[in-house]
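Both of the next two complexes hold chain A, though its partner changes from chain B to chain C.
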Partner chain A sequence: MSLLEIRDLNVRYAIAGRVKAAVAGLANRYIDAVIDVSFEVAAGSTLAMVGESGSGKSTLARAIVGLTPFASGSIVFDGSNPFATGPHPSRAYHRDVAMMFQDPVSSLSPRRTVEALVGEPFVIHGLGNRNLGAEVRRLLALVGLPADFAGRYPHQLSGGQARRVGVARAIALNPKLIIADEPTAGLDVSVQGEILNLLARLQAELGLTYIVITHNLAVVRHASDRTAIMYMGRIVEAGPTAEIFAAALHPYTAALIAAQPNPDPAHRRSGPVLTGEVTSLRNRPRGCEFHPRCARAADDCRELVPAAIGRGPGHTVRCHHPLA
Partner chain B sequence: MNGKVLDIRDLSLRFATSAGPVHALRNITMAVPSGEIVGVVGESGSGKSTLALAVMRLLPGNATVTSGAIGFGGGDLLTLDEEAMRALRGNRIAMVFQDPMTSLNPVRSIGQQMVDIQHRGRASPAEKRRKAAAALKRVGMPDAESQLDRHPFQFSGGMRQRIAIAMALVQRPELLIADEVTTALDVTLEAQIIHLLRELRADIDGSILFISHNLGAIAEICDRVVVLYAGEVVEHGPIAEIFSHPQHPYTRALIACDPARISTATRELPVIPGDVPNLRHVADGCIFQPRCSVAIAKCAAERPPDRDCGAGHVARCHLVPEGLP
Partner chain C sequence: MAPVGPGFFARMARRLRGDPLGALGLVLVLLLVFCGLFAPWITPFDPFKLNVPDKFQAPNLVHLFGTDNLGRDIFSRVIAGSRIALWVGVSTIATALAIGLVLGLVAGYGPRWLDNLLLLLFDSIYSFPTVILGLTVVTLLGASVATLMFVVIVIQTPAYARLTRTATLSIKSSEYIQAIESLGASKLRIILIHLLPNVVGPLLIVASMDIPSVVSLEAGLTYLGMGIPPPAPSWGRILQEGYSVIQVAWWIVVAGGIPLILTTLGFTFLGESLRDNLDPKLRRIL
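Moving on, here comes the complex of A and B:
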């Protein structure tokens, strides 16, 4: 059963007010950060959202938790619409859907102890009258930190330890869904594994559902059941992770996978697979957004936005000329 | 020619802190042979950036070099006076940093900045500008001439890094130090920058000290690798040797941890248990011993020697047999 169901979600940012747009002669005073995004996440599974800078993956995450209002579309969580009454979802929804932010050291207040930080969700949700100290110790144990860390400040933590505190905060209120924004960015490889293993263990123990937002494909391959690839605000391909890695259908997905540095010096690549850069969101190309960088681009790609077509169970691709 | 552009011998340095000295680099010996790309790989706190700053003589005031020499161009950089060192920086040794937005001056056009760094040259301003445009062209900047009057914020992250590299190469330095230059970039841009550095190297016969925590990037570009752990060189050698026959348990663990090298998907990734040691008190014995899965009694008591594994491959470990091949 799907825990989260997103249909045709659109998020746009205004880049100019009405007056400025009129004076500057802007045809469109918005940039579209997320366009017609639809996907489902099954309870207990992990979906990886992959994309480069500017692909809209973080905006999508913020829209799902209610930090950024969306222009149109629907979000159904656990059978009901948390945004039925307006742009601000209920407190119950905020308890059920937790967000783990990128860069835990800067997302933790430097003036508060680990105990205060991990206890904060309880206080915010009016649950502060519980035995907070005991709750904090239970959570620290769950994320593999010694109880005496409760008295430490963020600057006394290593990157991996700070990330564990972030995990403890995220699971504090027994959420059903955790959205983890770049959970391993900035960590050393030896510590990356620790955090991913911890997330996998908590998923098994607590029955959690994850959306992992990342640009690190090596992490995606190990840590997710399904993968969605975003490019300039659209999901260009989505499917079971193993299938995506074995037989990518979208040329962009294939290029991303091939662009990963090969950790074997005997198999160096001769040159970059993908030239050019992501086009500015202000000058969205006509047709398929990827066509200026695509080797397979034909006339239809320059004119028509490709629709999402199904290729096998649960595998969709937005491409006029998919690779298979 | 097989000379060494950079020849670091027995370099040790410490930082004075309120809690006592931190022995950040200890007895570092390594070299960059002429025309080669040498990778320095290590995790946070291994001292790789400190090493780069030591070569540039840009260490903060609380750093003291306690031993060693940094050989460059026939002399020792550590004995040069500040004036001589200034003449060298940017001219004969250039450095590119991780974040081009902070290393480029935001309020001057890139053309002005690229002319500024040629201030020692005697060429006319017009000639300097031509040189700047040529350097931009070499790093793949389209329409280089007309880009000179734009400011850093008008370029994307990948283009800014190309500009930083162009700027480092304007004076055709003998040594380029690249400190985590691809870390802040998306993977498709990272591939482009690595490819660019490879091309440039063929172009200028440049020697590059390529510092990174990313084993994949190192494997893609370097000829030799130096593995740094907690301020010590634990292993160094030709790239193929290090990746296919790592001898030091740390190097082995580091390579084993890289999720990109694990072909079957798994939810139980390998890790290196424990933490990087506190470098205020450097214990006797092997620096990696507390986290080493194969350590023996000797490892805690006695400092391991540098064992020659043949073909310029050296590992600092008791468990590497003496006189291997």
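Moving on, here comes the complex of A and C:
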């Protein structure tokens, strides 16, 4: 059963006010950051969102937790619509869905102690009257930090320790879904592994569901059940992680996988190579957004936006000429 | 910026030893605070008591700074004047700071239209020339300490509000504020617990450097007869009275001017030292 179900979600940012748009003659005063995104996350599973910078994956995450209002589409969480009453989700939804931000240290308020930071969700949700100190120590132990860290400030923590504090805060209210934006960014490789193992252990113990946003394919392969690849605001391919790594259907996915560094010096690159930069969101190409960088682009790619087509159970691709 | 905690004062003391100007500033400010707090007990003479037979005495061992045209002891009047200067300077800056903080936080974190409205208000007030605005208000409301403080608060508040607003804008899109927002915290909680402690530090430094300019403004308006009415021994009053008799008694003007200079130097040196030690990034904008 799916815990989170997203249908045709669109998020847009205004780049100019009404007056400025009229004066400058802008036909479209919006930038579309997320377009027609639909996906489901099954309870207890991990979905990886992959894409280059600017592909809209962080905007998507912000829209799901209610930090950025979405223009259209629907979000159904655990059978109900948390945005039924407007752009601000219900309090229960805030408790059920936690978000972890990219930078481990600067996502912690700099003048609060670890104890205050980890205890904050309880205070915000009016649960501060139970024994907060004991609760914080329990959470710190759960993420593998000694209890005497409670008195420290964020700048006294290493990246990995700060990330653990962030995890402790995220799981404080027993959420059902955790959205982790680049959980391993900026950490040493050994610490990255520890954090991924910690997340996996907590998932097993607490029955958590994760959406992991990353551009690190090693993390994707290691940690996720399903993968969705985003390009310029659209999900271009989604499917079971193993299947995507074994047989990618979209040329972009194949190029991303081929671009991974391989430690074997005898290894020679095979598969398509990505050339050029991501096109600006202000000048969205006609047709398939990927066609200016795609080796397989044909005439229809320049004219028609490809629809999502199903290829096997739970595997979809938006491409006129998929690889298989 | 390092948080204030145990060991903070020890650390500051250690740093001041390597920073003689900062230490000098601290000494001068402490001297002013001491004089201001204990003025009634440490003046050798009553600063209001007339003693006409002893008028225009040059500085001597009994009257360190001499006497004025009514025979009042100028040293005592200077010390008594420090209390007025300190009271006007600190209380007005503190009030302006408090109002400016609130308005700046609201402008920076509140809705866009409110931000625009408040900015318009700040800029309108800011565009008045200080002394002209002061003279106008004093003419309308009458010269008194309260009027003077009102003028200074009106003039200083927009400056602090703008600084707070800018700092708030740069912090509000930071990850830690977004993280708190994603937990479902109320706006009031975010402003009070997460924004305020992070914008107030630099502002305190700016404010401490503004105190001498308020003291000078008070002296200036009093000198023009628009500040604190006689016979209160404001430094501006001493200057004004000395100026009219400068050919007979030059020391009165000197005695009224030196504390103003020392106060300005003291707060400026201390403020700069605090800025450099607490938040080196501020050096670029202050």
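Please note the rule applied: the second predicted complex is superposed on the first by the 319 of 324 C-alpha atoms of A that agree within 3 Å, B and C clash if a C-alpha of one lies under 4 Å from a C-alpha of the other, contacts with A are read in each partner's own complex, and residues count from 1 in each chain.
In this section, contacts are C-beta pairs under 8 Å (C-beta built on N, C-alpha and C of every residue); 3 or more make two chains touch, one makes a residue touch a chain.
Not measured: the values here are computed from a predicted model.
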Between chain B and chain C, positioned on chain A by superposition, is the outcome a clash or a fit? fit
A:153 in the overlay: touching chain B, chain C, both, or neither? Say first, second, both or neither. second
Would you check which partner chain A:66 touches, where first means chain B only, second means chain C only, and both and neither mean what they say? second
Between chain B and chain C, pick out the one touching the greater number of residues of chain A. B
Examine A:121 and indicate which partner it touches, taking first as chain B and second as chain C; both and neither are also allowed. second
Examine A:197 and indicate which partner it touches, taking first as chain B and second as chain C; both and neither are also allowed. first
Partner chain(s) touched by A:80 [first = chain B, second = chain C, both, neither]: neither
Between chain B (first) and chain C (second), which does A:102 come into contact with in this model arrangement: first, second, both, or neither? second
Please indicate which partner A:28 is in contact with in the superposed arrangement: first for chain B, second for chain C, both, or neither. neither
Smallest separation in angstrom, by C-alpha atoms, between chain B and chain C in the superposition: 10
Would you please give the residues of chain A that touch chain B in one complex and also touch chain C in the other complex? none
Name, in rising order, each residue of chain A that touches chain C in their complex. 62, 65-67, 89, 91, 94-95, 98-103, 106-112, 120-121, 124-125, 153, 166, 169
Of all residues in chain C, those that touch chain A in their complex: 3, 174-186, 189, 193-194, 197-198
The answer for chain B against chain A in the complex is residues 43-44, 156-159, 186-192, 194-195, 213-217, 219-220, 222, 239-240, 243-244, 253-255, 257-262, 265-272, 275
Chain A residues within the chain B interface of the complex: 52-53, 158-159, 188-194, 196-197, 200, 215, 217-219, 221-223, 241-242, 255-256, 259-266, 268-269, 271-275, 277
